[in-house]
Each structure stands twice: as C-alpha cells, then as structure tokens.
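Order of writing sets the labels: A, B and C. Residues in every chain begin at 1.
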Amino acid sequence: MAEVVIEAKNVWMEYKDVVALEDVSLQVKEGEIKVLFGPSGSGKSTLLRCLAMLTKPTKGKVFLRGEELTSPEADIDKARVKIGFVFQDILLFHHLRALGNVTLGLRHVLGLPKEESRERAMKALREVRMERWADHYPAELSGGQQQRVGIARALAMEPEIILFDEPTSSLDPELKGEVLDTMKQLAKKGRTMLIATHEMYFSREVSDEMIFLDEGRIIEQGTPKHFFTNPSTDRARRFLDRLIREG
Amino acid sequence: MYEFLWEYLPYFLLGLKNSLILALVPLALGFLLGLFAALADVYGGKIASTLINVYVEFFRGSPLIVQAILFYWTIPDLLGIRIDRLLAALLAFTLNSGAYQKGYLKGAIEAVYEDQMMAARSIGMSKLKAIRHVVLPQALRIAIPGWTNEYASMSMSTSAAIAIGIPELANLSTSVASWTFRSFETYTFTALIYFIWIFSSVKVLEIIYEKVKIPGFEA
Amino acid sequence: MDVLEQLIFLLNGVQTTLSVSVLAFFLGTATGIPMMLLRAYGGRLWELMVDGYEKILRGVPIVILMLLLYFGIGIRIPFLRDPFVSAILALGIRSGAYQSQIFRGAMRGVGKGQMMAARSIGMSELKAFRHVVLPQMFIIASAGLGSEYALIVKDSAYAFFLGGGLLDVITRADILRAYGALEHWEQPYYAYIPAALIYIALTFPLATYLDRWGSRKKKKLGI
C-alpha cells in the first residue's frame, strides 16, 4: 500500500473579499500522477502554493509524509526541500547561469560542497537534456529551455513530489512540447507529480487521476477515462467540451 | 527657550525671500534652457550634441559652490569686470538647473518620441508640428516628477550662495547662530523652515501631476 | 609656489574629499538597506517612520545638517566637533534616506517571483534575500547609486563652511586664493577652475561607467 506523500485536509484560502479555496481536501500517494484542471481563477495555483506553503492557508491542514506543515512548530524551509515546485512564470534566478540556478539550493540550502553540487546539478540538467546549456544565462534561453532548467532546479533537491503550476501556460505553442515531453519522461520514471494544467491530451496520457476545480472547490474527481468518456457533473462536462473543441 | 527666534524672525524671513528668488528664477529659466538643450541634443546633430554634453557634464559634475565662486569672482576677474552677487548666483544656478533639467526633459522626450512621431507623421504632420502638438505635450507631462525632484534639489542648493555672501536663509541662519550662540535651536528652526517650504511645494506639484498625468504612462 | 606646486597642493585634497565621500556613501548603504527592509516588512508604524525620515532628509539642505551637527550638537558632544566626522555623518545619514529609496525601487524591480522561487527550493527568507534578491537589486540600482555617490562627492564641498580646516579640494582652492591675495596675483580666484575640473574627474567617469555597466548587465540578464 503506497504511502501518502502530500495531503491537504479541509484547506481554505480566503482573501479580503474573495474565497480562493473552499474546503479542499486531496491526497497524492507515492508514484501517483494527478492533474488539477479547471477554469482560470478556479484556485489551482492557490492550492499548489498552499501545499508548498508558499502561501499559508487561512484554514485547514497540510501534511508532508504525515508531518503537519501548517502547525506553528513546523520547519517549513526544510519541508520545501522535499516539495519541488515548477512555476508558471518560470522564475529562474536572472543573475545566475543555468548551472548556478540549479546549484544554488544545493550549496546554500543543503550545504553541499562545490564539486558535489556541480555533479548533482549536471545530473539534473542531463535529466531534462539541458546539460549543454549549463553556462548560459536564462535571458539567453528560450522559454521552453528556461522551464526545463526550472524543472532541473526542483529535481536537484531530490524532492518527494513535484508540484507543477501550469508549467506551459506562459510558453509559445511551439515550445510547450519540449516541456511536456520532459514531464512525460519524469512520469515514466515513477516520479510523484501533481500538475495543474490546461493540456488535456497530455493529462489523458500521463495522469492516474484528474481533479476538476471550479471557484475554489473540488467539483469532481476521477480517472482520465472517466472524464473523457462520461463526466458526472455538468460543469465538468461543459468545461471539457469547450477546452477540447478549442484544441 | 525658543522665544529668541521670534525676535530674529525678520532675518529668517528675509533669508527665505532671497532663497525663494534664488530658487524660482533659475528653475524657470533653467527649464527653458534645459528644454532648448534637450531639443538641440536630440535633433541638433553631432556637434551641437557634443557641446551640450560638455556643458551638462561640467555643471552636473562640479559642486554648485564652486560654480557660484567661478561666476562671481573667477570669470569676472579674468574678464576684468565686476558683477553683482545676485546676478552671478542667478547665472550659475540657472546654468546648473538647466543642465539637470535637460536630462529629465531629454528622457521624457525620448520616451515618447519614436512611436508618437511615427503616428503623427502618418496623418501628414510635419516634424515641427509633430513635436509641438504631439511629442512635447506628452513629454512635458512625463517630465513632471523629474521636475519636482529638481525643484526640491534646487531649493536646497540655494544654500550654496553662502559662498558668495548672499544673505539667503542658510547664510543668515549662521549669522543668527553666531549672534545668539544658540546654534542648535537656530539650525533646527532653519531646517524646519526649509522643510515646510520644500515639503509643501512638492505636495502641490504632486497634486498637479495627479491631475494632468497621462494614464498608463507613469514614471 | 609655482603652478605645478599649486596643482599638486590642490590634488592632495583629493584624498580627503574621497575619504569623506566613500565613508559617507557606505554609511548611507549601511543605513539605507535596513531602512528599506524595515519599511517593507516592519509594519505600518515603521513604514510611516521611515517615510517621515526620508521626507525630512530630502527637504533640508545638507549644509544645515552639517552646521547642526558640528555647531549645534558638537557643543555637547566633542566627537562631532571635527569637521571630518560631522561631514561624514551628515552626508551619510542623508544618503541613507536617498539610498533607501533607490533600493526600494530596485527591490520592486526584482519582483516578488524571485523571492518565491528561492523559497520553493527551501531557502529561508534571509538566505533568499542574500543570494537571490540582493545581487539583482545592486545591478538594478547601480546607475542610481552611481549618481548618489557623485552627489556626495560634490556636496562634500559644503564642509568648507564648517570652517574647521578640513583640507579637501575646495578648501585648498580657497587657501590658494588667500595665498594668491597675499602674493598680489592678478586673479587669486583662478584656482577654482582646476578645482572644478578635479571634482568633475571624481564624479563623471565613475557615474558614467556605473550607468553603462548597469545597462549592459540588465540587458544581458534580461532584468
């Protein structure tokens, strides 16, 4: 029985006049690949950021391998090493080259010596096939290349799970493919992943379970097959229709 | 303890009046000078550009005190004439302010120029008309924050006139301090006067900017 | 003294001018960055206090500040009765207010995303600031810092009015004037011309270089 890696329990995220997340609960077990999908503003990004504790939920609990991250004594910085995060805006460190982006965490968070950091970073870059661009600055790379370095940055920390926040949304269409391919490779190797995305074909191919979010609530969950043949709720059905029609 | 300041108030007011003259005249004339310099730099060709840049770098690179002394003593000495203190200060300050304002104005003009010029010419306007009706109205508005900065800066810099003995606020405050031996109170009071003067003027300028600024084109 | 000796006398003032300026600049950075951080993260009260501090120091002439420290407070505290100290202190705390603003703008230029990305790999806020935000801030702020330094160098001349005998460039120009008057020169004030040029040499090249370096670096890194 695979162990639960990350779990959200009755999580709420409320801002001044908006409820971004309403009583959301989900789990991702070891080796599982789940996809979050739904209209813009449905709370996908917020949920992922709450899971990584980059935003603190106003109510509810978040657990990493059984340890409660929302408790006041939790060492969140330490936990974040184990939670890989890939951003929609990529957010590579502008002032560092690709290699530097990946070694930064190894050297200054994990405290690894120079040589070991370099080796581990190169290994991560090789996994995303960016090893030949190690000494390039982000500004010298295409969006797709940058995002792959972003994935390497997360991989190098040897996380238990990787959260992907719409990793291809800000990329030009012809650049999305390389990132999605990289993610498929990771999936094949058995990585635990939670992905927020609009890429429906990709989701169908790769995910074990899909979760439909709308207006901050989980409306429906199920296998890709379920969603693509016969969704239960009207909202899910309408959303999928629109998305697939627009290709 | 502070009553003595009331006694010397006339001196502070006289100083403030002179400081205002030393600030406002150079700011106004400096604006015209700066505008001319900015336009000459952008449109005037290489020689004009180089000359303007030498002028700007000289006045922006040396202390205002030194410039005041140069205009009151050094240059008249070299020419064998004598000029009035106030005139010397106004000359130096105007040239100084012009040099700084040229920078702000050039930046504002360049921010607007290319696209707007292209649009203006596309409806058949001549270059000159385009500058007058399209580029400048926008550039001048964009330059306001920079100009507000220059206003504050120039107002404070009027104190450089101590160097040539003009009885402006800073100079008179040193006199009052030496007469009363109450340096701390005198200088604190002087600082307060400057602060009220500059702070309220800047606030007014900021309100004006809010009213006339172009939406979407903030500094 | 012949012309060469006079020039050397004048140039010897560069050491003093630069010491005052550099120390004042670093004092400004050392106070400016913490103030910027306090304003950004310290809560409403700190925000208002730092804002007030900035506004005051940008609304009072530097010479008044120097006079206040040297004569006003220097009466009680002998430490300030040295024009070197008072000048550095006055220039430094004013620069702190200016640099606080410069760094605030620069931090905004870096963007919140960079901090979030750094935290996502497990960095503490402090580490993230030190390794990711601060380096980029300096690159963005380089032009502003260059002109702030130039401003300090020029305003160091106001220390002349403290009358304490600080032998910087402008004071030496004045000494040459007095000497010239004694020696019955035609134009005792001519030393101010090379003095002006010396100040320009101290400000213009560095400020321009920093400005160009900053632009190039920003372009290269896409900041």
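Following the convention adopted for this analysis, a residue touches a chain if its C-beta (ideal position, glycine included) is under 8 Å from a C-beta of that chain, and two chains touch if they have at least 3 such contacts.
Just so it is clear, the model here is predicted, and its values are computed rather than measured.
K.L.:
Which chain lies at the heart of the structure, taking centres as C-alpha averages?
P.N.:
Chain nearest the overall C-alpha centroid, as shown: C.
K.L.:
Compared with chain A, which chain's mean CA position is the farthest off?
P.N.:
B
K.L.:
For chain B versus chain C, what separation do you get between their C-alpha means, in angstrom?
P.N.:
The answer is 20 Å.
K.L.:
Could you put a whole-Å number on the gap between the CA centroids of chain A and chain C?
P.N.:
Each chain reduced to its C-alpha mean, chain A and chain C end up 46 Å apart.
K.L.:
Starting from the mean Cα coordinates of chain A and chain B, work out the distance between those two points in Å.
P.N.:
The separation of the two C-alpha centroids amounts to 54 Å.
K.L.:
At which residue positions does chain B touch at least two other chains?
P.N.:
none
K.L.:
Spell out the residues on chain C that touch chain A in their complex, using ranges where they run on.
P.N.:
113-114, 116-124, 127, 131-132, 135-136, 139, 220-223
K.L.:
Which part of chain A faces chain C closely enough to touch in the complex?
P.N.:
Residues of chain A touching chain C: 52, 54, 77-81, 83-85, 87, 89, 91-95, 104-105, 108-110, 137-139, 153-154, 157.
K.L.:
Under the touch definition given earlier, write down the residues of chain B that touch chain C in their complex.
P.N.:
57-58, 60-67, 69-70, 73-74, 77-78, 152, 156-160, 162-163, 170, 173-174, 177, 183-188, 190-191, 194-195, 198-199, 202
K.L.:
Sort out for me which residues of chain C touch chain B in the complex.
P.N.:
55-56, 58-65, 67-68, 71-73, 75, 150, 154-155, 157-158, 160-161, 170, 173, 186-190, 192-193, 195-197, 199-200, 203-204
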